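Here the structure comes first, spelled out in structure tokens, and everything after it is commentary.
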């Protein structure tokens, strides 16, 4: 049986189509690398200035000048390019990245996202998250459904400072896949073995659920 | 005996020091190429996107992708670089070009320059002249002292639309070399065989002349 | 955006995406960097009522000069058209609307669109007649002019080398406006003398990453011979 | 500006030009592109009261982390300092003034200075808490924030290759902020693993033309080994 994170990642990989340009946020989203078939023509963008990252082959000597935005050594695949930080963010602001995956502290049913600051506790700076959140057409949040104390992270309204307003397309947790729509948070898939009431109990946001069209993952 | 233009060009070449970055405007200034010793370490900037132009060696086949801003085929010297137009003008606006030479329709004793438009007669667009005039630290105007009808081009106040206000450092004509100073137009050199009264007669601008310190060229 | 594995196409298909009335950025400063083959195909396909954005107007019988002469261009945003007497005549006759900017401001206005901004604040042109037409604001005790970005629906650019994903490498002074325009248009069509399989171009040498290119076509060297005749050596 | 034939110098001389209290841009995103050798020399020479502008704070024992730990930095303009607990502590204790921007805005603010503008107009950050601190204006019916350019007196940059005139070629993800900062500072000092005679670098491969570089020094590969230890492979 897959772990919660494996379940999230395996489902998230299905959001990527061949030929797309993809950005993987720091943390859990970076592990999506392992779920992309090596022969799949996808270019992974990293905001420090590279398009076409791939995992370093095990045992190979790293190039000290090649890292991703999380600081891990990487290599590149055919068709890759490297560039300065202004061009890298021009690519983001011009919506040339097709899909980005990010973690979240909180996300709400309007598609607001908070993932960079907990006032008084954690404020290392926003890095590239704000521009990615605001400008990439499809933002998929990957996070645990609840925090380590069991509190809901999928809220009616974010309480923490926002990374960007109304920016989230989809949320994938170990419990559900939810689409942000005009009318609210629509559950697309629910985890194998979980029932709808248990999902609602674990969630603060209002969920729109059409049981006839609900997928399992 | 040198022609008027040869006299201007030979004198103008003395304004360039080894190690400098130089821009040569279209027309007469472009011919300064012929007055720079080939071994002299000078990088000629052309605003279409090249630093380190040099004349094409006679008889050699031109590279179709290498022209200067006047449209002439060029080659490059060791240490040359090519770049896009945004970077080329960043170099100009950041005052990284040490000296630029330009022609003039009119120039005046405040250092105002008009060299791009004659309303109703000639207005092909300003090209790169405005930014060069405004931002290069040393702008040397190379022009005939009078127009083809004998009217003065060195004026008390420009009448044509300005390329840039108060931008000219020096004016070199076949009759004189004039420095724009806080107090007015100071004659530095006067042409061999010309007397001061004849120079004043040919000039509308007020000229400051200290006969004891006057050079000849 | 076009998927990276669907960008390499024929010149006919690439240009057929452009409708009449489109706004189109055209690379090039003089002949180098002008996408002659794409322009000739545009002439052949017959689109009209175009708005072109190009540093210059080429010369009457090459590049956009041919489109202007054929009456296919309504509006031209440019820096200098001194080498094209036909364009000057068309402008003076009122048949071609011409909007002119200092060259570096034109480059920056295009670059600004490519960077995803609304505009920038400059001191270029203060104290000249171009100042009057612009909105100005005070910042830190000085006056600055607002220069809005210039976008376009399409860009036609010329590269030396490309790969099938649309990564582009320019050469010599053919770089000029091409990388700026590739970023500023919604849909960028690139021509290149060689289109290679992905992986052939070293990552550091790529001037325009494929993310900014919608379609890439391979063209014969000969198409640029048109430009050659126009220049005195 | 330094003459092109007087740029190649020793690291001691290059860094000795920097006074205490200077504002200094430092290239690098994490370790790649960080000019470790120049920073170590700055640490050795003792300048203090510095304002640094860098994407991140490196880690406590390398790069600008060592300068911060030594109390030599008064102010840091940055995007993210999450990998440097010492910098976070110094900030929280009030000993280090930290000004943070979203990464792409930081890059553009620096690029904007390098392009010679006052600032640019953006919609990034509207509707977030960073919006409150900025001046906004209406253009064409929408709200835009004014982001002023960030200048500095000095920039320290790392290149892979250079020539004696100061032309620079970067490699891999060590490009990042380096070319932007080289243009934005009044006085740019570059380190490179190899400094070659002029003419060795093909003109199209040069990322930063020598016009933007005041001094260039050659450094040993080893200085960047510092960065290596900090990264998990």
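So that you can tell them apart, the chains are marked A, B, C and D in the order they are listed, and the count of residues begins at 1 in each.
By definition in this document, a residue touches a chain if its C-beta (ideal position, glycine included) is under 8 Å from a C-beta of that chain, and two chains touch if they have at least 3 such contacts.
Each chain and its UniProt protein: A, B = 3-oxoacid CoA-transferase subunit B; C, D = Acetate CoA/acetoacetate CoA-transferase alpha subunit.
The model shown is predicted, which means the values in this text are computed figures rather than measured ones.
Between chain A and chain C, the least number of touch steps comes to 1.
Note: centroid distance chain A to chain B, computed from Cα atoms, is 57 Å. Separation between the centroids of chain A and chain D, computed from CA atoms only, is 29 Å. Distance between chain centres (mean CA atoms), chain C to chain D: 32 Å.
Chain C has residues 108, 115-117, 123, 171-172, 175, 203-204 in contact with two or more other chains. Shared contact sites, meaning residues of chain B that touch two or more other chains, fall at 50, 82-83, 86, 89, 92-93, 135. Here the touching chains pair up as A-C, A-D, B-C, B-D, C-D. Interface of chain D with chain B (complex): residues 1, 3-6, 114-117, 163-165, 167, 183, 197-199, 201, 203-204, 206, 209-212.
Note for the complex: chain A touches chain C at residues 17-21, 41, 43, 45, 50-52, 76-83, 86-87, 89-98, 135.
Contact residues on chain C toward chain D in their complex (touch as defined above): 108, 112, 115-123, 135, 137, 139-140, 142, 144, 146, 148, 169-172, 175, 203-205. Chain A meets chain D in the complex at residues 46-50, 56, 62-69, 71-73, 82-86, 88-89, 92-93, 124-131, 134-135, 161-165.
Across the complex, chain B is touched by residues 29-33, 55, 78-83, 88, 100, 102-105, 107-108, 110-111, 123-125, 127-130, 160, 171-180, 207, 224, 227-228, 230-233 of chain C.
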